[in-house]
């Protein structure tokens, strides 16, 4: 946990958890892609798989890992709010239908009013619900949120007392297999707001830019492989499906609801677009309302969020979350 | 003098008792100070003032959203579930355990089954439990019961079996029927053991309660711990853990006092 | 009446023959002492009289009727240990039999019925010399007091037959002598047949009207499993003792009086407890 | 004949023993058939053929990704963790428990602390554990140890204390030092109890193992259960649960046989 | 030499005075029987001789030296129960003392040292009549055999003083008589002073050279806490017995021989076990 130490560091630890947009990390680790890129820069990179997403972020925040996969929202509320200056090295994808509001036996989002809604409190599902309610000019007061662990969401849906859930894939797909389940809102209606990132500790990255480059190299090689319409690509998708507990078909269905940035240029464009500051503004206001930017936070501005162009959203004296296109651009330029 | 024969006096005993706790707090304070020096916002080991703030906020200021005093509403919610679960387990264990211990037919029928069930990891069966019991209080109480009752049943059955055969025969010569012997000879002698048995199961019961609350809930000590775990708010988690431990230690102590008060003979027997 | 007729009884546990062809007729109001080496089957025999076990072969008749297959209120018992209920006070222990007989479901007495049962119980408690200790629990009594309590508990049932399995074996001699006196008196005053297992010859000859010895006639190790014990001696005491007729001999008090010696720190020991 | 005096013969006993298991399977089959009739794709209660498929796939076909036979590789991974955790707990409990039981100074120092620690819910402290121990096998083994050792320590300390004072005095009159008495008098008499103690902690140990595997792992029985839980793949979960139960029952049985074989006198004592 | 001098010893537990001003000189090779009512402090007195407890006031000297504050190999002990180790065989139990004395860290003997210790142990086992049972565990022995084993275990240490706390109280009379014979012989043959607590007057007078009685002079309940017990009688046996000089009286065998009676099913009981 040598945040401030500038001594040359060659051993890095990366944590990832099981989610469709992050499966490539496991595949890359299993198939030598990680080692190949690490060797290229004279590093060793240890990739650790988590079953439990929250724990992976906690471990990163506590300093046990140099990089971790998480969403833009959790990046702000967990490591950044926890004082760990964090940089998004890779914008891997955004959820384009992977997160959804599902009602039982009701076809319209408006029916959610007055219901108990089961979701993982303070997660992107919570955010999605808030955005869905906003689209109806409702607020969270109009429903009752019940915290429910993601691992048990599917069986929770099957019980009588659950009538509305908000969750993500593969849980969405599994729940929708039930004929009573109707998807009434999903993340494709708020495109680009739920972003899956690979973030790294800013200090570590500053001292060891090669680490960022290696991560970018790993990601784009794997992404290209898995999206290829070849036998190799299919084998990669099948392996990722199996690792996430499903099969090829299930995995491809999840992939279809994900806007994967397999080409670095697309990711660079997305990161530089003016929609990102807008999204982050929505996100930080949501988090502030929920009291998740630290108990002493006076406004949503307490934490600074730096955009690739150097503009800062919020307190520029306390920048803790940074978006950069340095590494993705290097990949796009072929200069890795 | 041999080590086994040297005894601390009263004062030394008290000092020794407190020592590990003091050391633990000191070690924590040192670790916390070191981490906070590196990152003033570190959440893993907050300083003691951090705890004071969090405890103050949770225990003495109303929550902005619900207006509840969270620590107390969480405690109430958890204790109700805990005691409901333990209560049901206790009654079940008493009835089934006594029956298994006393009736050879029932013993043949149930003893192996209960032994097998007591080895089933209940956490793995949660989905089924939810479907059957719903997501409300029932399934939380059921999880505690399923986790705790088989062990209690086995323990009580064993205790009922261990009653000297002579006592049962003696009761028969006093004209006792099976029912009367159960009521007047076996039950009263098993009750003190039942209390001890509940005390031994307090740890596991809390464990299952926390697991159940982690899964689906909107209040409770376990709910709060798992909710704030998302933000690594150890300033809340540590006080909650200490509070749970205190509650458990206290319950343990009170139950033992109750046993001694209600069944004075069980204390005499020990000596 | 309470005559016991044991007719060619065998008892086997699996392959092991414990008792072989035992026949014995115990007259009504007799006091039979059963002696014999350890492991020869005395307790087993007593358990059969109690109904706790059944003979492998042969029959046991009580007043001409086959013995019920279970222990019941017509046969009382006192074991060497565990004969009283640790969770009941002295009074509760003696009352229990009355309560079980009178109240089928609650197994408790209330009101007038309870008061009269308590009176009866107190009387018995006094008779066995435990008055004053009514509210104590067995763990607060000495060994001798516990065995006297067990006696009172059995006697309140007015059993036809009282079975004793080494009831005084764990007591020390002073206490034992006191209890012998008590036992003699109770046997004289109540209408019951007594069968007592003992290891102590002196006790057997002090109390009994008849001493019956069990022994394995063939006792080499390789034969042990194959042959059981049976009655080898059957001695009637002379001059004959008869229940109700006070004997002119007071029970032997375990040896000469040597010094005005140790008294038990036991509130209810008879004041004449001098050895 | 009173109910307490009626005994089933050997055949009836066997039949009675099997009955609840048969009933359970039958109830399951009926429930499954009912749900499948309603929705042929129902995942909650798969039919028996569903199980057969899943077991066949997991146990006898290599995994597409790793080439492992998952059931066996999961079992190996879990058992290594379980026995490592239990092993460390056992040694710790033996050393500390015996020391607490024998040495009054250590007892004053540690007994209250261990009692308090045994009431701490370990699941709430997982983040700390992972930071301190890392995410490898160490932290999983540590969770089992933390969950299981305090209870074992208390149990063994109690057992050491329960040894009749007369025995210790006798050993002193035979010239024994504290060390010699520990080695030749206390230790051998505690060992059989230690085995029993491990048996009692098998259930909790599995629980903690599953909880640890649920959080960070890439193999193990608990990992698999939590991985496929997202898809409600009860066709995998049920066989895994049954398998865990079987393993636990078997371990329990084997440990008891070992105790009887190694410490024959402990079996004699019981009678 | 092994002379015990107890000089004005008091023992209090909190407020309760158990022993009050006890003074006694026990000559080397004496056999003192300690009698007295239950709870009067006999065991407490013995525990003080053992070093397990310390007097509140007063001194105890062994051969002129103050007693060590802990039990040690110069004073052997046999309690009523728990005197042998259940996890060791008969041989293991007797060997243990040798092993503890000879091997400081391993507390085990090997090779030649072990063989010679075993020889010695076997000889003692034979002397107490347990030969043949060397590989048995205590749970496989009868009560009498266990107490003989405890004796052998204590004797292998060749203690200066042997302390016995009701060692034969739990045995039945036949067995007790056998053990009395053994005890007499051992006392005659080994060079030790014996102090034995007993409840049994007969036993005291059968074995001892001197009988000492403890009693509480003031025994009213309200005084019990405030006054302790002390020596009230001190009787030397006549004709005097002396260790090493075989007495012309054989120990009393607990009453008249009445029938060629029960023998214990106990392989090593002496063949003359007739009562």
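Per-chain residue numbering starts at 1, and chain names A, B, C, D and E are given in the order in which the chains are listed.
As a working rule, contacts are C-beta pairs under 8 Å (C-beta built on N, C-alpha and C of every residue); 3 or more make two chains touch, one makes a residue touch a chain.
Chain-to-protein mapping (UniProt): B, D = ABC transporter permease subunit; C, E = ABC transporter ATP-binding protein.
Keep in mind that this is a model prediction, so the values were computed, not measured.
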Next item on the list: Return the chains common to the contact lists of subunit B and subunit D.
Entry: A, C, E
Notebook entry, point to check: Moving only between chains that touch, what is the shortest number of steps from subunit A to subunit B?
Noted result: 1
Checklist line | Leading chain pair when contacts are tallied as C-beta pairs | finding: B-D
Check: Counting only C-alpha atoms to place each centre, which chain is farthest from subunit C?
Finding: A
Next item on the list: Report the inter-chain centroid distance for subunit A and subunit D in whole angstrom, where each centroid is the mean of the CA atoms.
Entry: 37
Next item on the list: Would you kindly tell me how far, in whole Å, the mean C-alpha position of subunit C lies from that of subunit B?
Entry: 47
Next item on the list: Could you give the separation in Å between the centres of subunit C and subunit E, each centre being the mean of its C-alpha atoms?
Entry: 33
Checklist line | Where subunit A and subunit C are represented by their mean Cα positions, the distance between them in whole Å | finding: 83
Item checked: Residue list for subunit A, restricted to those that touch at least two other chains -> 58, 62-63, 151-152, 154-155, 158
Notebook entry, point to check: So which bits of subunit C are touching at least two other chains?
Noted result: 70
Notebook entry, point to check: Where does subunit D touch two or more other chains at once, residue-wise?
Noted result: 2, 44, 127, 131, 172, 177, 229, 232
Item checked: Residues of subunit A that touch subunit B when the two form their complex -> 1, 3-4, 54, 57-58, 61-63, 77-78, 81-84, 118, 121-123, 144-149, 151-152, 154-156, 158-162, 291-292, 294-295
Note to self: Give the list of subunit C residues in touch with subunit D in this complex.
What the structure shows: 69-70
Notebook entry, point to check: If you look only at subunit D, which of its residues touch subunit B in the complex?
Noted result: 2-4, 6-8, 12-13, 16-17, 19-21, 44, 102-105, 108-110, 112-113, 115-116, 118-125, 127-128, 131, 151, 168, 172, 177-178, 181, 202-204, 206-207, 210-211, 222, 225, 229, 232, 234, 237, 240-241, 244-245, 248-249, 252
Checklist line | Interfacial residue positions of subunit E with respect to subunit D in the complex | finding: 50, 52, 70-73, 75-77, 79, 81-88, 96-97, 99-101, 104-108, 137-140, 150, 153-154, 157, 159
Item checked: Contact footprint of subunit C on subunit B as seen in their complex -> 164, 166-167, 169-177, 179-180, 183-185, 188-189, 263-266, 268-269, 271
